[in-house]
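Multiple structures are listed underneath, in structure tokens.
First subunit A sits with subunit B, and in the next complex the same chain sits with subunit C.
Moving on to the complex of A and B:
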């Protein structure tokens, strides 16, 4: 696997977009045509194993998608090596925190 | 007709500036290049490139009223006045409307714009079926004028690393060629975070190509071919 393969990020960005889109479409259909959705019902659904898994999958896809986007913006506009490294490291740290926080919230309700 | 032309002579000028000209057009003046030739007769310090004067060589690519085009095939009629002429955006200016194409052609050479085929050559020529030949339509017509690359924001940000739409269209021209045997190595060369994947499908390249080609489509085909081959 090539370290600086462009294709990997390209594919990841598109696949993650499809996952997020599918999740959002399913959620929108649920709200539009399903039973009335309250916050409590939503939390109960997300606490189910299937709901939690789907929510985590969508969150992971969203974070991966955002990471590729941020990385692309940095590659385009931030040319100073030290600054680029700093911004990318900050982005990685931010996304890792976001992923951990999301995981904690979902799993703490699900388990 | 009124013109505003970008002027810069690095030997004389501290910084570039726009100079205004007014020109009485003659009955045979139809294209921007016709006007430039007349202006050159008035002011012989004005520098620009031109050669074939019929849209085949690509020498007189420039920015005309904010849009890249070939001066020799751009009609004067309908242009908003003053007609603003500037060098190709983002390319280093040598003088006035003349730009340095060194990097542009370095990218072109990097894609190895020739057939890679170590098989013993046939007695006469490597033949193609009409269907195989048809795959080169929309690719071989590129005249390397640089209108596309110079109008591509991704190329503006990374001109040294992103190959740009012109070189990538040329790459697809050889990937699509049935006589070429270097497809795998060409695709591997292009599988790079900068060389190919800085393209964001902005499509300025397709919008301004004076030959009506679509570098954006060619780039998409390269990506599809890479996906197909895993």
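Moving on to the complex of A and C:
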């Protein structure tokens, strides 16, 4: 099972980092040069298809990045095979749950 | 045959040059940020609720908030440093040590600012 491991994980980690970096830069520019965002504006933006899609992309990039990082740390420090398998499985389950929950949050507001 | 090189994981004996500090800080801050992810989802959910009101937080929230601010800043600064090093920018030892100092000091400044501001 080479999915999300080896070079693929390395590339995913870099790509997701760049995506998050782009979001941070856009948010910083918006805060620095735009008018303050009201709660109503934020909610209206998140309800639009484009806003919802951008939120989902941000969540996907963050969760993918977090998964590779947690995976690297577990592989480095947890050497007992059974324990490593258990911790990795728990991490997968946790991130899957988080992804489903975030998707539900965004989509239930947008649809 | 056992290797004769010193193999140990005694944190009191491992020397931590500045680059190693920036690197281990990147890991530790990453763990902090992973722990904060469910809270971020919770806040996103609340902010999208109809009739959402500003949260009233207890005073001690400043301490974990400052920890989060440090973690976010350190992970950002050290992460940009790693990405730059990936493409060969600042990869020489003196430059890498300078940028490691900058990431450590900058992130500490952000954390302190969040604590006292």
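We adopt the following convention: the second predicted complex is superposed on the first by the 106 of 111 C-alpha atoms of A that agree within 3 Å, B and C clash if a C-alpha of one lies under 4 Å from a C-alpha of the other, contacts with A are read in each partner's own complex, and residues count from 1 in each chain.
The rule is simple: a residue touches a chain if its C-beta (ideal position, glycine included) is under 8 Å from a C-beta of that chain, and two chains touch if they have at least 3 such contacts.
Small disclaimer: the values here were computed from a predicted structure and weren't measured.
Within the superposed three-chain model, A:18 lies in touch with subunit C and out of touch with subunit B [touch as defined at top].
Contacts of A:87 after superposition: neither subunit B nor subunit C is touched. Put simply, more of the residues of subunit A are touched by C, taking subunit B and subunit C as the two choices. Legend: residue contacts after superposition of the two complexes on their common chain; A:43 is shown touching subunit C, with no touch to subunit B. When the shared chain is aligned, no partner comes close enough to touch A:60: not subunit B, not subunit C. Once the two complexes are overlaid on the shared chain, A:69 sits against subunit C while remaining clear of subunit B. In the superposed model, A:27 lies in contact with neither subunit B nor subunit C. Within the superposed three-chain model, A:98 lies in touch with subunit C and out of touch with subunit B [touch as defined at top]. Taken in their complex, subunit B has these residues touching subunit A: 154, 157-158, 191-198, 200, 223, 226-227.
Taken in their complex, subunit C has these residues touching subunit A: 27, 30-31, 33-34, 37-38, 41, 44-45, 47-48, 50, 52, 76, 79-80, 83, 86.
Within the complex, the subunit A residues that touch subunit B are 2, 4-7, 9-11, 72, 75-77.
Across the interface of their complex, subunit C is touched by residues 14, 17-18, 21, 24, 39, 42-43, 46, 55, 62-63, 66, 69-70, 73, 98, 101-102, 105-106, 109 of subunit A.
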